[in-house]
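Next come two complexes built around chain A: one with chain B, the other with chain C.
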Partner chain A sequence: MKTILAVAGVVIKELYRRKDFYVLFIVTMLICLIMASVRIFNDDKIIRYLKELCLLLVWVSSLVIAITTTARQIPAERENRTLLPLLAKPVTRTQLLLGKFLGCWLACGIALVCFYLFFGALAASREHQWPLLNYFQAASLHWFMLGIVIAMVLLGSLVFAAPSSNSTICFVVVGGILLLGRHLDSVALTLPEPVRSVFLIIYYSIPHLEFFDVRDLIIHDWPLIHWGYYGLALIYGIGYMVVFLTGASLVFRRQSVN
Partner chain B sequence: MSGPRIQIWFLILLLVVCFALACPLQSRFVAWPGSRANGDVFAITLGESRKLFANEFFVKADSYYHSGFYPTIFDDNRAFKTAHMAEDTGAVNSQNHGEEESFMGPPRNWIDAFGRHFMPDRHTHLDEGGASGDLSGSEGVREILPWLKLSADLDPQNVQNYIVTAYWLRQRMHQPKTAQEVLLEGLHENPGSCDILFELGRLYAESDHDTNRAVNVWMAGLHNWRPVKGTEDEVAANNFIYEKLATQMGAEQADVGNWQAAIQWFEKAKAVSKTPDGLQQMIELLQQHHSIKPKP
Partner chain C sequence: MAAILKAENLRVEFRSREAAQGTKVALRGLNLEVNAGEVFGYLGPNGAGKTTTMNVLLGFVQPTSGAASLFGIDVRQPIARQRIGYLPELTYYYKFLSAEELLRFYSTLFGLSRLEADRRIDELLKLVELEHARKRPIRTYSKGMQQRAGLAQALINNPDLLVLDEPTSGLDPLGRMKVRQIIQRLKGEGKTVFFSSHELGEVETVCDRVGIIHQGELKVVGPISEIRQPRHANLEQAFLEIIGFETQSAS
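Presenting the complex of A and B:
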């Protein structure tokens, strides 16, 4: 475990040395503050459009940070020729992968805390309330979704040739799942065989990231999600993380280091 | 004269020529119909495609009216063909059929059933408290206004934007003056619009209690009304606004005791109405009340 944490620590340091997070955070803040300064029909209590915009920017920024940070981890080690010296130490390939995964996931978690604190402050400035438990559920589900994405990108970084192609493919896949994942079975029913079966297989095998997108509940002040279902969603997320990390570990074991 | 001095004089000469040319050209450019210098950012950047975006934002406002409980293109949206926020104003012809609550249908599989715990799951309206169900919080309907404003900016010819915005500003936000400004802006963009004149008349009658002015505005609406030839929905929407205007006129005439004129207005409304029975009952009631012999 110490080895995994040591590798993870290096990844976290890398994130706060790079400028990606700061740029995205400042851009998010600027856009939201400019939009907050707009007064519509002289009513300063209108907030939901602002919450929606802020959460959209948080989601886009977090996905950009998660995918771009993870996609370059293993290829960068290869390119800098530090992978072989690293594995020459008492570090197994699985530990290295888990360390990279944990580092990226924790780094995204830290970024999410900053984003959600800003979101909470922005919402509280007009709503004068702070539904902490709702925000906790939304942020933690968001974080677990990023965990699945990070594990998927880590697997992609071992399969695809370059970080750029891996990032692009992962953005398309994640965007596709978030937009269409819930409706793939409905679409399948309108198609002839064997395309229908292909669509249904995809529907049942993809990670349904839309479970973790509870922005509508936060924007429109819906009550808390039942804790039982919330817990099941987290277990579902962990399940997919394990699947992707196991796949990545199996691929990495068979690859040459150079 | 040295070389650099000639260049400076030549530069000054060019600047003077530019300035002299700019003066007459500027006014011509502004007056030119193809000019993009009218300050409308949306028109410059999006062109005619902005109307598509405007419709999206109008639908977005209706989605906010339902606190996010809204059908996607994959769901059964027969009960949402006409925006409920517009339908509830009473000034728009409804084309909605089917169940509002169950547009998603029964869960198709365990993934669908599980996913429904993470999205809005009840049909609510913001003017009735929204997701919290707190009826005292009907002012929450203010949240639809930014999207309606954006939609009106993108497509100033869509009169529904002005009617819906003005209605909610007047009814729930208690801002009749702002509502009037919105309607007058709509009238400026759509001169003689019967729909806007109908809503403006309601504003004068219900908020300002200025019945004479309201009647004048409704009369103007009736004068501007023309039958249209088009799809069934277009004809129905056009007849609906005539029915509403004529019914309002009838009600006003009945209120001041001029029941014969009132009956005439109700008859006119009945002629274009999809539901003439209710109007016929009102006519019979007036006739009985004032002992007028019904027409053979």
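Presenting the complex of A and C:
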């Protein structure tokens, strides 16, 4: 465990010593501030609309951080040849992968805390209330969704040589799942066989990231999700993380490191 | 003397990405033993198979056939790497870390306690003359300083066997001398050093035995005095003869 934490520590240090995270955070913050300062007819619905836009921005920013940070981890280790002295230590490839995963996931968690604290403070200044549990459920499910994405990108970084191609493919896949994933089964029913079966297989095998999108809890102050369902969603997320990380470990074990 | 590094009948084939090129044989039945306490120089022209040998010994590449062990443990077991230090050729260490942070990170991987790590880091930074730059990010280091930081990371666990892949490559004469001094000091401490190099003068100065590899085959192994016969002016001449350079030139 010490090894995994040590590798994760380096990933986190890298994130906060690079400028891209700060740039993204400041840009997100500025856009949110500008939007929050807009007062149109003092209408509640408009405030909700602005909250929705700000949260969408937070989601996009967090996905950008998660995908770009993770996609460069293993390729950068290969390119700079730091993978060699690292694996020449008593470190297994699986430990290295788990360290990278944990580092990226924790780094994204830190970024999410910053984003949600800022967003929460901003929303509370307009609405004079802060439903903490709603924020907790929304942020933690968001974080678990990022965990699935990070595990998927890590697997992609072992399959695709260039981080840019991996990032692009992952953005398309994640965007596709978030926007279209929930409709695949309905589309399948309108199609003839065997395309219908193919669509249904895809529907049941992809990680349904949209399950983790509960922004409405914050935007519309909806009641909390039942804690049982919340727990099930977390288990579902962990399941997919395990699947992707196992795949990554199997691929990495077969690769030559030179 | 006991062999702590052993390769038996190692064969490594790489499948070329282009089907027409077929497979490339990087090592052809390599047998090699390095004894405890000796400095072993591994020589060969570019593409001879030196780095591939090291990659197999460190478990980076799976051999097509044959076996390799470190301290009697199969190289595929991570525990085999507990007592070794490795310095790869041309590595660009984490630019955002300082030398001190880099060494602390690697010390954690060996499970060193905080106190032990502090002691080793101080010792090593003094040894490689990086004490003055210990807090500076590695991105501000010169190439020689980066190479010395690399050497320090290879020594963090006080290894019994040090594997160095062209440790003086790309360094200026002063940098080369410093690395050579460190190797000699390690030799004085009874450490085993296995290193590849193109600097034959350096090899003559520090090595007890050398092995010369060419086109994946180990051509000769032995003490320098045996390899360099009276007719050779220096090790370079012997090396060129062994790899068939004169024959090729004549033909």
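Here are some notes:
Quick note on the criterion: the second predicted complex is superposed on the first by the 253 of 258 C-alpha atoms of A that agree within 3 Å, B and C clash if a C-alpha of one lies under 4 Å from a C-alpha of the other, contacts with A are read in each partner's own complex, and residues count from 1 in each chain.
Please note the rule applied: contacts are C-beta pairs under 8 Å (C-beta built on N, C-alpha and C of every residue); 3 or more make two chains touch, one makes a residue touch a chain.
Fair warning: this is a prediction, and the values are worked out from it, not measured in the lab.
Of the two partner chains, neither chain B nor chain C is touched by A:74.
In the superposition on chain A, contact is made by A:257 with chain C only, not with chain B. When the shared chain is aligned, chain B comes close enough to touch A:216, but chain C does not.
By the touch criterion defined above, A:90 lies against chain C but remains apart from chain B after alignment on the C-alpha atoms of chain A.
Within the superposed three-chain model, A:65 lies out of touch with both chain B and chain C [touch as defined at top]. When the two structures are aligned on the shared chain, A:3 is found in touch with chain C, with no touch to chain B.
Which of chain B and chain C touches more residues of chain A: that partner is B.
Once both structures are placed on chain A, no chain A residue is touched by chain B and, in the other complex, by chain C. Against chain A, in their complex, chain B makes its touches with residues 64, 67-68, 72, 74, 108-109, 111-112, 114-115, 117-120, 130-132, 139, 142-143, 145-147, 149, 169, 173, 175, 178. Against chain B, in their complex, chain A makes its touches with residues 40-43, 45-49, 141, 182-183, 185-187, 203-204, 208, 210-214, 216-217, 219-223, 225-226, 229, 232-233.
Across the complex, chain A meets chain C through its residues 2-3, 5-6, 9-10, 13-14, 17-18, 80-82, 84-92, 256-258. The part of chain C that touches chain A in the complex is made up of residues 51-52, 55, 58-62, 78-79, 81-82, 84, 86-94, 96-97, 101, 105-106, 108-111, 150, 153-154, 157, 163.
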